Structure formats: structure tokens, C-alpha cells
Amino acid sequence: MTITPETIFTDVQAIRDTSPLVHNITNYVVMNNTANALLALGASPVMAHAEPEVADMAGIAGALVINIGTLSDPWIAGMFTAAKAAQAKGIPMVLDPVGAGATAYRTDTAKKLMQQCSPAILRGNGSEIMALGNQDATTKGVDSASAADLAIDTAKALNREHGSTVCITGEIDYIVHSDTVLQIRNGHAMMPRVTGLGCTASALCGAFAAVNPDPAAAAAHAMAVMGVAGEMAGRSAKGPGSFQMHFLDALYQISQPDIHQLFRK
Amino acid sequence: MTITPETIFTDVQAIRDTSPLVHNITNYVVMNNTANALLALGASPVMAHAEPEVADMAGIAGALVINIGTLSDPWIAGMFTAAKAAQAKGIPMVLDPVGAGATAYRTDTAKKLMQQCSPAILRGNGSEIMALGNQDATTKGVDSASAADLAIDTAKALNREHGSTVCITGEIDYIVHSDTVLQIRNGHAMMPRVTGLGCTASALCGAFAAVNPDPAAAAAHAMAVMGVAGEMAGRSAKGPGSFQMHFLDALYQISQPDIHQLFRK
Amino acid sequence: MTITPETIFTDVQAIRDTSPLVHNITNYVVMNNTANALLALGASPVMAHAEPEVADMAGIAGALVINIGTLSDPWIAGMFTAAKAAQAKGIPMVLDPVGAGATAYRTDTAKKLMQQCSPAILRGNGSEIMALGNQDATTKGVDSASAADLAIDTAKALNREHGSTVCITGEIDYIVHSDTVLQIRNGHAMMPRVTGLGCTASALCGAFAAVNPDPAAAAAHAMAVMGVAGEMAGRSAKGPGSFQMHFLDALYQISQPDIHQLFRK
């Protein structure tokens, strides 16, 4: 798999041309900016979580994005129902295991979703990905380089077990599939200071997976667009408030020359 | 009914002078910007959805706005309880049937709310309004002019059956009441790229209905203010992120000269 | 207790240096901007409300913030479970009684939380604080000076009964603890036109309580930072939309000279 400015922009253009419906079951904190990010890029977001309708909604979507922040039992039920409907129809699913490792409730739910629903793409930060592995790895006191290595090892194991492309985001994003580890080096230091940009990254994975049948390419393209748009936003941001605004504008404006100029792997 | 810049601004001023309490039972995605839009215009928003308190809250409000996005069973129960409390006290209700037609759950809930609660104003896009009609109209392959005609026909039927003013929003907004169809031609191309501006339009219908006893005039005034504020925002927006920000500022700033200059019907 | 620009900035620096985890159980309307305000200042927000995980989450947090807007029964259960876990571990709790007085459901829940969980800090506007007192005070027709006096009297009684520092926000903020009443006179007229800035004030109380063991100082420092950031935002805001954006930027930028220049008590 080769990721180039051309392959990235081809998918951006496909999203703009076809406005794929992305069904999100996501947390309360980020629903608004997730929906806005998808709309700004050109996709068509819908949020629905209740058991009586999630199968209908997932069934008409181009991708399903499940995010376990602000989890509760009725939502977990909706997540499994939606995931199974998506699986039955061959609709790609993205899983964002927000806060896995912080509470047993989140770790267990994310592990069950991995086991029962085989997401096309799993996207999280290093500690969330490691929380889904079987080893008792802990990052406390481990320097960040070896932490990345540990997360990549876990990602490879998760990929072998579930077939999912695993996308580990951080200063460098790693897209792990089979034995390939692809790196994306775009992004901006202010991104972790805006809530939900990780969740937005997962939602964009959904939009790209809806137009590209290769989940590893979809995840890599999504991370490249996140990072490039972040750098565009960072040019004029004076803090996280203006960064969020410029970031949405950048997703709307992003062009092939922008990607050519800024993409780094 | 004649809508003029003067009638529009009279209601804007009344909202600013009396800060009517608008009780919203709305979806998770848009709660924040709906509340901000109402505050920016001068109204006083409150969000409350739980059965134990919705009747109390609706009973002290100037209007009740029910929006069925991100629906679930406990919320449906709250909607009916609130709607009946509002009806009993003569408090006008606005219904936004978000996503009606996409799932049976939403279509059925919206139809029951129409039947049992007779909203003063029903506001949706063309396909949502058509989903509430009895005909099996489908817009697939229908050109947009005839789609508008079909939606207007459904709106007239809904108005005859339930007495509700029906407001169909899109590039042109149609306010349908009795046999009158009023058009509002304001707005900006970037509005559909910001999540929840349709929900904001419904919330503003609530604010106007709280100060104007004629629901058709209230809906028309709300759509005019939405569209004029959208045009004001569009002057300096560089994308949907900055558009949303400028739109809230425009609702705060909007003056009689702005409306005189920009209002088009 | 003496509040000075130096004591305020010492806490700001401590938040930036240690990024305390602030566990919020808060309402749907404000989750996004609450999280963004905490991140902008340098704290680390987490939102979690479900009974199966709130005790785990509260147990690893530096502070717990409970906000009763958009209340429902499952959330009330989560609030008590989290509050008791925090109490057992000596983690400070902030209570924001949003809408107390508007419905019996909210007033009763807030009173029970006061009685059973003894928050370190109670923050609300004057009418919310008065709703938690035992007297049948009403502010209808009372001029605002005497309304403030009545709220302060209630705050003193609540402090005597529960030990909580009581923070009454408004044009002037009053921090009431034992027999001391401290005033903070910062802020900007546009703040009440942005939804959830009161909720943000409570969340910031949590961040300051996580780094300062004196709840009265924590509350005063939080109110000073809210007010100073509000004045910084007001310099360039053109309405509530741009105000919210500049406010988040100001929390990110706020420096010791800003506080020296603007702090007024």
C-alpha cells in the first residue's frame, strides 16, 4: 500500500462527490464537532443510538462509527445491534475505544466489540490500544519511544486476531495492518487541547472507509487529512477555541495543493 | 398575513425585551448551538427531557420545542408528557421531525406527536414533511421543483388534518397555513454544512411563537431571521466553522436596517 | 484568606504543570465547552455518568464536578455513586445546582446531594442558591441588591450546615465560607449570553480544587480566572459566538501579567 497526496485527495474528492452517510454512535461530548467535521469534509453524518432504530440506520449507511465515551448500558445494547446489522450487510465499522484502560466497564465493552464485531478499523491512542491487548503492559515510567513500540506490538496482535486495521494516533500516527506499519507525521501541537479531535479522527476513518474498500488506506488517508487540516488550522489559531474553528474551515477548504505541500509520512 | 421587515423586527424586539423561556426537548448533537442561538437572539433557553420534570418545565415556558433527533424510549415518554402539559396550558409547541422517513422509529414517533399533540408549528425539510404524509411519495429521481410541490401538497394536508402551520425549509422556505403558501428566499449556501441549523430554525420558531400568537407569522419571521443572519454570517465565513460563529454573532447583532436590506420573499 | 494575583497564578501554574483529571457528571448542553475550557486551562477532563463506572472514574480523579442540568433518574443514581466514591477517597466535589428552584425534581436532587455528599464547593447563581435554603425567599420584585443579600444569607446557612464553600455568581461573584464573604468583580456583560459559562465556572472550581486544598481559595481563584478570561475575550468579541471562541483562547493564554492587570476584588 502506498499513500501519496494523489491517493489521499482521490478519497477526499470521492467523499465530496458522494456524501456518504456515516452513522455515528458516539459520546455526548463530541457529537456536535464530530458531525460538523464530517459535514465540513463533505460526508453526511447521522447520530442514532437507540435499539429500535440503529439496525435500520446502520443498514442505510456507508459506514458505522462506534465510540465508547460516556458509555451506558442502553447505549452498549444499541452498539451491538448496530454493529451486527452493519456486519450482516458488509458495511465497514470503525471502533474508537475512548478511555479503555481507565475503567473496567470501558475496557470490557471495547474488548467484546472487538471480539464479536471485527471492526474494519480500530482507532485509539497508545494506552487505549494497549488496554485491548492481553499482555499486562503498563506505560508508567516507560519512555515514549518504547511505549509506541509496545502499542504497535499490541496492534499487530489485535490485527492478527480480529483482522482489524489498527490506527494508533499521537504525535506520529501508526497504521498497522498485517505486518505493515505505516507512519503519518502530520498534525499540530494544539490538537490535544481541543476535546474530541481523536473522536473526529475516528469519524473521518468512517467517511474514508465508506469510499475506499481498503481499511488501511482509508485509515491512513483519514489521518493524513486530520493532520494536514490541523497544520492549516494551526497557522492562524491563537488558542484551542480558534483552533477548532479553523480546523473545521480547513476540512472544508482542503485542496490537493494543500496536501501536496504539507503531507509527511 | 403580510410579512414585512417591520413585522419581523417587531417580534425580534419583543424577544429581546421579554426573553421568553423556550423549553427544548432536543437531540444531543445540537443542544449547545440551539441554546446559544436562542441566547444570542435574546430568548431564554432551557433543556429538560425527563418525565419527572418536563410538565413543570413546559408549564412555565413561553413555548415548547420538540425535536426527535437521537431519539430513545425514555425521551419519547418525556416528549408526550411535556406536549400534553403545554397543550393543557395553551403553550405553543413546535415539532421538528428530524430524520422522519429514515427509520420507522422516527416516522412513527413524529406521526404520533402530530396526531396527539397538534403542534402550532411543524418544521422540517421536504423529505421529512413528506414522510409524515399518508401518500407513498418518494423523491428519488424527482426533480427538485416537483419535490417542493409534493412537499407543499403534504404540508397542506397536514395543516388541514392537524391545524399546524407547516414550515418546509430548504433553498426556499415555504410556510404553509390554510391555503396560503408564503415563501422566504433568504439564506446562504453554507448553512447545510453546519450541523443543526435546521434544529436552530425550529428553536427560533419557538422563540417567535412565544411572542406572536399567529403561528404562521411566527414561523415566517423565524425563517426570515435565520436567513438574514445566515447571509450576514456568510459575508465573512471562510468555512462552516467560522460560519457557525458568525451566525451566532449575527443573531445577536441583527438590526432593523439589516432586515430591511436583506429580507427577500 | 487573601486572594492576590500571585495566589491565583500559582494555582493556574499548578493546573498547567500537573494536568489534574477532573471527572464531570454534567449536562448534555455544556459537555463540549466544559471539556474545552478545562483543556484550554491545562486540566484533563473526563465525562462519565453510568453507575457501572463512575466510582472507578471518580476514584482516579483529582476532583469530581456534579451538575444537575438535563437530569434524569439513571444520572441521579450515577451522581450519588460517584459522590460517595469521591467522599470515601477524600476527593473534593463541586456541585452545580442548575435550575434548582425551576422544578421540584431539580431542587430535591440538589438538596439531597448537599445533605448526603457535603460538596467542597457549591456554585450557582443567586436564585439557585436560594432554592437550596430552607426559607421561602422569593426574588420576584426584590431589587438585585437585596437579592444578593438574601442569597448570601442562604449561603452562610448552607455553609454552617454542610461545611461547603458557597460560590454565588453574577455581576459580582461572592465566595462565602464560615463568616467570610469574598467578592470578585471581574467578568463581562456578554457572559450570560453564552450557554454554559456558569457550568464552566463550576468545572474550573473542580480544576482549582484539585490543586488547592482550601476550597474557598480554589473557588475564588476559579472565579477570578473566569472573569479575567471573560474580560480578555470581550476585547475582540463581536457577539456570543466569537466571545465563546475568544474565551477558550483566553483560558489558554492567560498569564500572570493578564491577572495583575485585570483582577479586581
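The letters A, B and C name the chains in turn, as written, and every chain counts its residues from 1.
In this section, a contact is a pair of C-beta atoms (placed from the backbone, for glycine too) under 8 Å apart; a residue touches a chain by one contact, two chains touch by 3 or more.
Predicted model, so just to flag it, every value in this text is computed and none were measured.
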| request: Call it same or different for chain B and chain C: same when shared residue numbers make up over half of all numbers used at their interface. | output: different
| Degree value of the rotation bringing chain A onto chain C, based on Cα positions, nearest 5 | 120
| note | chain B and chain C have mean C-alpha positions lying a whole-number Å distance apart equal to 33
| field | Touching two or more other chains - residues of chain C | value | 28, 32, 244-245
| message | Which residues of chain A touch chain B once you look at their complex with the stated criterion? | response | 28, 31-32, 35-36, 39-40, 45-50, 52-53, 56-57, 60, 74, 244-253
| message | Under the definition above, what is the set of chain B residues touching chain A in their complex? | response | 27-30, 32-33, 69-73, 99, 102-106, 192-196, 238-242, 244-245
